[in-house]
Amino acid sequence: TGCGSSSGSASKDSSSDSGKTVIKAATGANAKPYVYVGDDGKPAGYDVDVLNAVFDKLPDYELEYEVTDFGSVLSGLNSGNYQIGVNNFSYNEDRGASYLYSYPYDKISYVFVTKKGGKEIKSFEDAAGLSFEGGTGISVSNAVEAWNEKNPDKAINITYSDADTSVFLQHVADGSQDFTIIDLAMYNSYMEEFNYDVQKNDIPEDEAKMIAENSYAYYIFPQDQKDLREQVDKALKELKEDGTLTEISKKWYGQDAAPEDDKFEETIN
Amino acid sequence: MGKLFDGKLVFTQIPLLLKYLPVTMELAVTAMIASLILGLLLALVKIKKVPVLKQLVSIYISVIRGTPILVQLYVTYFGIPMLLKYINFKCGTNYNVNGVAPIVYAFVALALNESAFNAEIIRASLESVDKGQVEAASALGMNYFQALIRIILPEAIVVALPSLGNAFIGLIKGTSLAFVCSVVEMTAEGKILAGRNYRYFEVYISLAIIYWVITFVLERVISYLEKKLRVPEDAPALLDIRDTEVE
Amino acid sequence: MGKLFDGKLVFTQIPLLLKYLPVTMELAVTAMIASLILGLLLALVKIKKVPVLKQLVSIYISVIRGTPILVQLYVTYFGIPMLLKYINFKCGTNYNVNGVAPIVYAFVALALNESAFNAEIIRASLESVDKGQVEAASALGMNYFQALIRIILPEAIVVALPSLGNAFIGLIKGTSLAFVCSVVEMTAEGKILAGRNYRYFEVYISLAIIYWVITFVLERVISYLEKKLRVPEDAPALLDIRDTEVE
Amino acid sequence: MIEIKNISKTFKNNKVLDGIDLTINQGDVVAIIGPSGTGKSTFLRCVDRLEKPETGTITIDGETQDLAHIHGKDLTELRKKTGMVFQNFNLFSKKTALQNVMEGLIVVKKMKKEEAERIAREQLKNVGLLDHANHYPRHMSGGQQQRVAIARALAMEPKLLLLDEPTSALDPELVGEVLDTIKKAANEGYTMLLVSHEMSFVRNVATRVIFLDGGKILEDGTPREVFGNPKNERVKEFFTKINRMEEPDYSI
Amino acid sequence: MIEIKNISKTFKNNKVLDGIDLTINQGDVVAIIGPSGTGKSTFLRCVDRLEKPETGTITIDGETQDLAHIHGKDLTELRKKTGMVFQNFNLFSKKTALQNVMEGLIVVKKMKKEEAERIAREQLKNVGLLDHANHYPRHMSGGQQQRVAIARALAMEPKLLLLDEPTSALDPELVGEVLDTIKKAANEGYTMLLVSHEMSFVRNVATRVIFLDGGKILEDGTPREVFGNPKNERVKEFFTKINRMEEPDYSI
């Protein structure tokens, strides 16, 4: 590419005293149990544990986390402020045009959340005509949009909001919204904290596709970090093979969330 | 693809964002009007030094100005329903606020917030009016309300206009916070667009361009109004008294 | 657990948040100082009607005031590195800004933003100074700079103080936006805490309390300063001339 | 007959008016003179209740009002009966000369617009400013502004016209036109209470002169009596001071 | 000797000064009189370059400066040689009487603080206000403020002292003390150019009177000549106007 100087590796970007290349990973740290800031002030969560394990295998790099606004994670990658985005990102074609995606490291399952004792929702079909509330920049909201586009006669009423997930759940509990969709791990965390009057139903496998074209989570990189991505991918593949991913996910979710083997064959974009 | 910065997107997004300009303006205009009325009342309480009320107004203004507007939105939007729920739970009542549209909460919170700031602007402008003119009005036999409407406000408006204009410009940008109450105006739509393709930087630039144009136009309108409201610089021609004979 | 609203948390979180008060204040104070200096320069350009520069300043102020500060933070924090990257890419150079701490970007953006608003406050206050005193200073043989320092500023400060105080209070709350540049101050820490326990509402209430106390204290300090800077109400005693004989 | 009784006014610890009584006959032109800061303006302002005295009553047309407690409708009625002309004119700056004169008629006297305009034009004609009807205050000289202010006060047909140094803010050349206007009103029979530093004017137009100092009336009589033969020492001293310019030391 | 030559000044289309020449001898007290708005203040302000004339030069101590183009150090030097006393005193409101007088000495003459304070005290003593040294302007009467303003100007030892209606903002009783102060300065030999409406004072203190109107000097002579026997019609008319108060119609 072009003058050639800035293509490929991150090695010129900056280096620490030890001569290692510093990689800055940016996170919004707003999605427990995936990524949040622990009591010790350091990022914690499944995504963080996995990334730490990855960089344990990459001695040339030194990993640093930076906690910032969610929007900044994305903008900062393109601008070169950060080299990796860590926020349990899911994939769609639009986003894939803007960022490089790693191999997946997490298999996400989503649930419909409705008021306890109310009408259960087991598929998008059931949700037709009901009201849904969600945030921006998350794939469940995009999925509902996609459903409406394909099924204009069975449209769902979307309300977007800048409020946090607890508010969406509360609104479902008090009946001001019919349902929301979140991933199972977060659902469990929230219920532990607030114990809302809500119930959940798993989203069927085929419908989950709508949510994210696939139901995996990825690290993302700016377009000029192909080399870094390659190395992270290699390490992720090893972690999958030696069972580390399974181990870490059991620690956080109590179940195996490592993606299937064939997902570690070729990168998604 | 794979551009770091998608310049074309900045412009192609603008029409999409502009669809939500009406929401932004509706919220800003209604909140501004309400805040002007409330602000005038608050200012009058302070100027007339109404006992008790005066202290309450001071506390109100201090709290509103001292806390982030985000919190005020949160409190109106979540606090009120939460409180009602608690009351229902404790007293077995059954108040319900689910029927209230989110934009109403946003309107209330923004209007209350703005009123505290406008109260000070209005107070200062009312106090800037030449006392002599107010005394002249009293001496003619007008009561305070008549003097306020006929003499004081027409003077004060000219003084307050630039500050109120700035406040309004601030409010237009401030409406974007209403997104925490699920009100989708321009900035919110920008976040929704960016949430699809993760192009936050581009969408913020688009928004900046739109806001800047709005501000620019408004500044022109305000300085035009200012000129209009001022007494003309040049004296009119003398009247020909023969034509306007007093019968 | 499982309370909808955890009242105790509102207070137990306050000490955790206060740990980040120094960041908030450091950013606010340095940005304020820089913005005052820059604002004074901008105001002088407008008052002295320096050709060319005057137009540039008008555009600068219009753009800064017309666009959301969030965008200004984005442009400084992401735009500058992005531009450099683009230049490096095109020209094979190797400029690098990775060594610059994020707080510096936040400082620059906040100071620039604030300077546009302060410029107008400062200009208005400088222009409010009695022209007669400025002429008296000129007539004594002072140049503009001497008159500015010795006569105009001491008068203007009293006029500008309340508005600048308000601007500073606004800035303190505004520093929370620096989170987009990864600067963790009080509000950002609040969001981080809430990211851990999902208690956004509680943390916002905690923040409101802290901000309100800060504002309250600042308002007192400002009105104390105002009183101090004013010429005392009462005349001093006459001097006993026998004691202070002119030699 | 207008009876003012026992007006007392204290600012903080400064007793400015100490139980002033004054009876003014219909058609009288009473001039108040006295040193600066002695309470002349305050007295006028108390009569019009722009300042609230601690004690004091006023009786106009047989109706007595307590100035310390008057409010609401009574106050409006009192003010309808009195007119005030201020040192600084205090015209409504956003209104033309005509609108200035009409304002009180419309808002206070609830007149129809046409009727108010007719009266306003007449008053403007009386003060010689009909051709300036559409001028705003800023387009008029001080003297012209003061004449509009007088027209505004007279349009309300006050039983008592109060004038507080109506010429002291004017350039020397403009003083004459305003004094002429006041003199004309006096000749038309208006009852007036005026404060003025223009001794020659006071001598010429007043039917009665009052010297105020230390919260009390020190002299009260015809101009001839007060100027010609003051009894009080302080009054003598005052005249000496303002007449210095005419003394030997100041003439060639 | 101070020579002022060809001063012309136009505001928009209003030619206020039309090539005024004036030569002032050392120790002269020149009074400028004339109708309101005729350019008296403008003339003084052009001499001190507070207003920039289109043409004009001034020669003081043999040094000639072009008033239309002077700037920087030359301007400062010119202003050091001239002193100005304003109608509204224009004291520095945030400084005490003493500091007001010291300010120019310290900032412009770069004196040491002690030296400046010594001179300032002396000047305050001369105007009789040494006991008010620590008073701020707001604590002083208009007459006292104007005396401090004169002290401030004199402390700079100006070759030419300009005074623009120094008493017209004062209460009649306070006029005397300021006139006394000015007279004292005149007797001490200061060269002065003053605008005043106090004709009796002008008559008494000026060595020369100039009548300005229509951008030109219409009369120039001793007070006796100008007041006693004006040649120009407009000047005669002016005197008639301001003397109206003393005419038969206005006396009893």
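Of note:
So that you can tell them apart, the chains are marked A, B, C, D and E in the order they are listed, and the count of residues begins at 1 in each.
The working rule: a residue touches a chain if its C-beta (ideal position, glycine included) is under 8 Å from a C-beta of that chain, and two chains touch if they have at least 3 such contacts.
Just so it is clear, the model here is predicted, and its values are computed rather than measured.
Shared contact partners of subunit B and subunit C, listed by label, are A. When the CA atoms of subunit D are superposed on those of subunit E, the rotation angle is 180 degrees to the nearest 5. The centroid of the Cα atoms in subunit B and the matching centroid in subunit E are 52 Å apart.
Per-chain Cα centroids separate subunit B from subunit D by 45 Å. Separation between the centroids of subunit A and subunit C, computed from CA atoms only, is 38 Å. Shared interface positions of subunit A, defined as residues touching 2 or more other chains, are 71-72, 75, 78-79, 163, 167, 170.
Shown for subunit D are the residues in touch with two or more other chains, of which there are none. Shared interface positions of subunit C, defined as residues touching 2 or more other chains, are 4, 74, 78-79, 82, 85, 200-201. Touching pairs of chains, sorted by label, consist of A-B, A-C, B-C, B-D, C-E, D-E.
The residues of subunit E lying in touch with subunit D in their complex are 35-36, 171-176, 179, 197-198, 200-201, 203-204, 223-224, 238, 241-242, 244-246, 249-252. If you check the complex, the residues on subunit E that touch subunit C are 48, 50, 76-77, 79-80, 82-84, 86, 88-94, 103-104, 107-108, 118, 121-122, 125, 130-136, 138-139, 149, 152-153, 156.
Taken in their complex, subunit A has these residues touching subunit C: 1-6, 12-14, 26, 28-32, 36-39, 66-69, 71-72, 75-76, 78-81, 163-167, 170, 189-190, 192-195.
Within the complex formed with subunit E, the subunit C residues making contact are 130, 132-133, 135-143, 146, 150-151, 154-155, 231-232, 234-236, 238-241, 244, 246-247.
Within the complex formed with subunit B, the subunit C residues making contact are 4-5, 62-63, 65-68, 70-71, 74-75, 78-79, 82, 85-86, 166, 169, 173, 176, 187, 200-201, 204-205, 207-208, 211-216, 219.
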